[in-house]
């Protein structure tokens, strides 16, 4: 039973149907098609404010292109030390921005705290010998399966904006956070001060589709040129746009996220004292100890070890198409440890 | 009737079926899946030699990543002045390589000639004040719809190798050239001296799939890291790999290319003296004159103008799913001009 | 007798004296010293308008940093095909800008012509697939020893500005052009539309000192950070600033340029029909033929061959400290060819 | 009395004399001169092994160019968190390498410890999602005025080499460490496993001169091209090379370092319990408390605050030309606090 990652999931039927529906004859390439043309309106409706939205195929591209648009080559981007941009993108934000440096910060349960960010910002030199604070990147849901509350994002974004930084949101698991919080998408994005975000769909049921959504639309020309030169403007753009339209308009985002959140909650409850972080999305982090972790694996459960080798920690992620029986089986196994 | 580009085409049924077939449950992400694992063997069989092959979703990514792997930041890449890498990728090869510069050369009918390339190479300074010759990039079929013969590639590659340059092939329309030439894929790649190529499938019926194929496999670790940091390693890699497998194994590459080549030939014949370049792939270039060109457009045919504004030239491209009736209609219209 | 390059020259006495004068005890580093503080006022007085000026030690740094400040990574910089930035800086402008591409243009006697530049600009695509016109870089005096007239620069700059491009001037031999033209420095810079320039002193008698002068001062913060991260902010900045102050305030720029211009004129006159370009600075280009060129070299004159190997062309450059007797000797030798 | 930095110092008489001596007529440019030609032999003699050495004008250039030569764009460079490359070069190593990321580590008194480095290295992922360990950069003397012992460097370099990393040494204050240790230059460089180093002269009496010294000479062609495209190859190279020759051959390096070490030792002794780190070079770090620090400043001593604002720490640096009377005055003032 696989709990490696939501990246192991397949594409959900609505997404494949949308691709099939878009598969009709000759249409203009490179985003001049009818599907891509509807993306702005679709995302604007979703967020409740006029936005500009652009389709790409990977989260790394979405994040790195967004950040390159807001950070100069000598910019510093503040983020959580566990952030995907910091540990899992092989330097992509630095590559795309032409040199911007990440400033990783600590924060309980994967969330940056305003006090810590404010202190880091205040301590960061502004003379010419140092990279210059340019952006704050938050992850929602976080890399540790927790969700920022609207007021937390607002507080962080305010500190950023006061110093002239732009605010980026890595929303690879945005739907999970949104369903957990039960708020409006605007409450944890533009109303809270987010300037640009990566809106993920792939982990939550799409085949390969992420939207870069600009709440600050002054940046889009620069973005479009950067996207092209990075090879992330697809010739047959309709198929990526169609996935995003289906994802947002069919309610797939909600249905899938609610299910994976619910299953993850069950696992978290079954884990009891082994639970490391509140379960506020589809990820569960456990402190099992090395032996029990090995036992769990031997029992047929696949997952990644987490933290330092000897800590005996584990990460389990529920995919949108996780077989329903996997979860009670896992819960039972956790009970037996 | 649309003759804009083969990028306007849809995805062909075999490709969609392959995506559907791959859509089964939880499988390892980031290329650890069964489809991706078969890619090397599939491409090795196709080319008749052991290769390493990697899937990406755009031709720009395939080209720029390939070139970054063979050219240092201070490298010079020789190419035809009409090459896609030179005119249509917004500087991607320079971006991916960290600075390499293109050296565009002239050549009749879109083909570089050994004499011209040899002269350019000989004239290129090697002192430290100049960028350093690093690679030769050829396009097959060329940007003007012609195909290099095996001996032509061999002659060019030999000149390149003598000076220590690597040879890259942009094969966005490789299938078209291959069908036109009727030779073995190896004859115009590794047997002729090509070190790495972009093997396009998207224009010829895939949804979004290109393979970077290394005949010189010493370069692949560098490539893999560059692909990741460029956001071109897909989490759900199976869907890109599945397209490439279907494309090569089902014979789609041949069926589609033979059809578009045949239709393009008809158009070329109908064009008579207006034909600018031999039709050796699925593109037709015509010198119509400004007035007739306008008349053709008014008759319902869509295509791009070519060359300088006043020249009255036109490019018409046949897509794999070009409605069959479009072509006789076009031929008739050309006859009436 | 060496006519290789004005880079072979030594440092003139006034420059060494200025360095010696600045060699007094402990002073603030990194440009907080009294010499650097005077640089803006000194350059403002020289150009007759308020400017911001920054010292660096090489022309390549001055050019590439200037261009990086005005061109985005996807920018295109138009220049003459013989421009130093195009042929002698190993890709520095591309490196410093993070990817900007040069668009080399032809132009008689090393000068770009408004018609050709306008046509290139008009023909340059503006869609997202292409690098975007960002800057025009002119060289004064040109690489072929000629000087742009004020009206020529004005006409070129107007075309650039109409399309939103910035205008850069590579003034490695600015003093030579200025002395030849006999105009005010403002006439061929800010009054003619130049936004930023590299003001060279090294070739004309400094030890290692070039100023980047901003007429458009909105760009300087970006420049300062780029200079630092490129390692071109000197810790003991006083010594570079002191050279520039001495160069401009002592009249060394004029005395040296007038002498080298005068000597170059003599050589040009002695060359007669062999002269390839008008002598409007300190460089002389001759079409000698391969045999006579060899004879001249055998007679003890050192210089670089120019153009294609077989053309028999030669470039001779007069340095500020060229021994006076070298020139009549050369003229006599030319007469004997 | 100025204790800001050794960058505030002037150029010492032997250096200016060497510049004057090199100021003789026309000599080949760009490193083809007699002074530059002697640099390899001079440095080889100094280090007791055949090396290749290259002159640049700033420490940032020396460090960033060295690191770019050993780290790919997706490389990780391990260093102390206080390292100049990490905090004072505005991202230069990232810029020059095209993206390499620094991994800052903690270490008592500015020194990395083998155990901590080994652990960081072992914990660093090697999969494709992460930047790849490429180099270790040590600073000698460290940023906190301490010196690595030969065995410490050896132990660190061994760990690095085992994993295929290259070892770089930032020797901005190499002479100070060398004089303190009283060992042979080879003992703390090539014999201890250093592959390439930045050998500083500027802080210790030169005008603007640093040597990049390659013990692993296979890297030099790449370096030379990177230096040129970074604008760090000086046209009148003789003047930088002449400084380095004088610095190493006249014994200036030793005389100046011994004096500043001795004066720093006096200050350290006068500081008593306020001393934060052993004084093993020309820097003294004190924990004065906010009030006494202010009192010291009010008494006419200039220096930089260190650490967090409220900590009351100070850094005092002795320059080679520090007036002799400054130090007893400072010691007395420290005694009065």
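The letters A, B, C and D name the chains in turn, as written, and every chain counts its residues from 1.
Note that a residue touches a chain if its C-beta (ideal position, glycine included) is under 8 Å from a C-beta of that chain, and two chains touch if they have at least 3 such contacts.
What you see is a predicted model, and the numbers here were worked out from it, not measured in a lab.
Equivalent interface to A-B within the set C-D, A-C or B-D: C-D (over half of contact pairs identical by residue number). When every chain is reduced to the mean of its CA atoms, the largest separation from chain A belongs to C. The geometric centre of chain A is 50 Å away from that of chain C, both derived from CA atoms. A straight line joining the Cα centres of chain A and chain D is 41 Å long. Centroids of chain C and chain D (each the mean of its C-alpha atoms) stand 34 Å apart.
Residue numbers of chain A whose C-beta contacts span two or more other chains: 30, 73-74, 89-91, 95, 98-99, 128-129, 225, 228-229, 233.
Within the complex, the chain A residues that touch chain B are 2, 4-5, 7-11, 16, 19-20, 22-30, 56-62, 64-65, 89-92, 95-96, 202-203, 207-208, 225, 228-236, 239-240, 319, 321-323.
By the touch rule above, chain B contacts chain D in their complex via residues 30, 72-74, 98-99, 128-129, 131-132, 222, 224-229, 233.
Only residues 73-74, 87-91, 94-95, 98-102, 123, 125, 128-131, 308 of chain D touch chain A when the two sit together in their complex.
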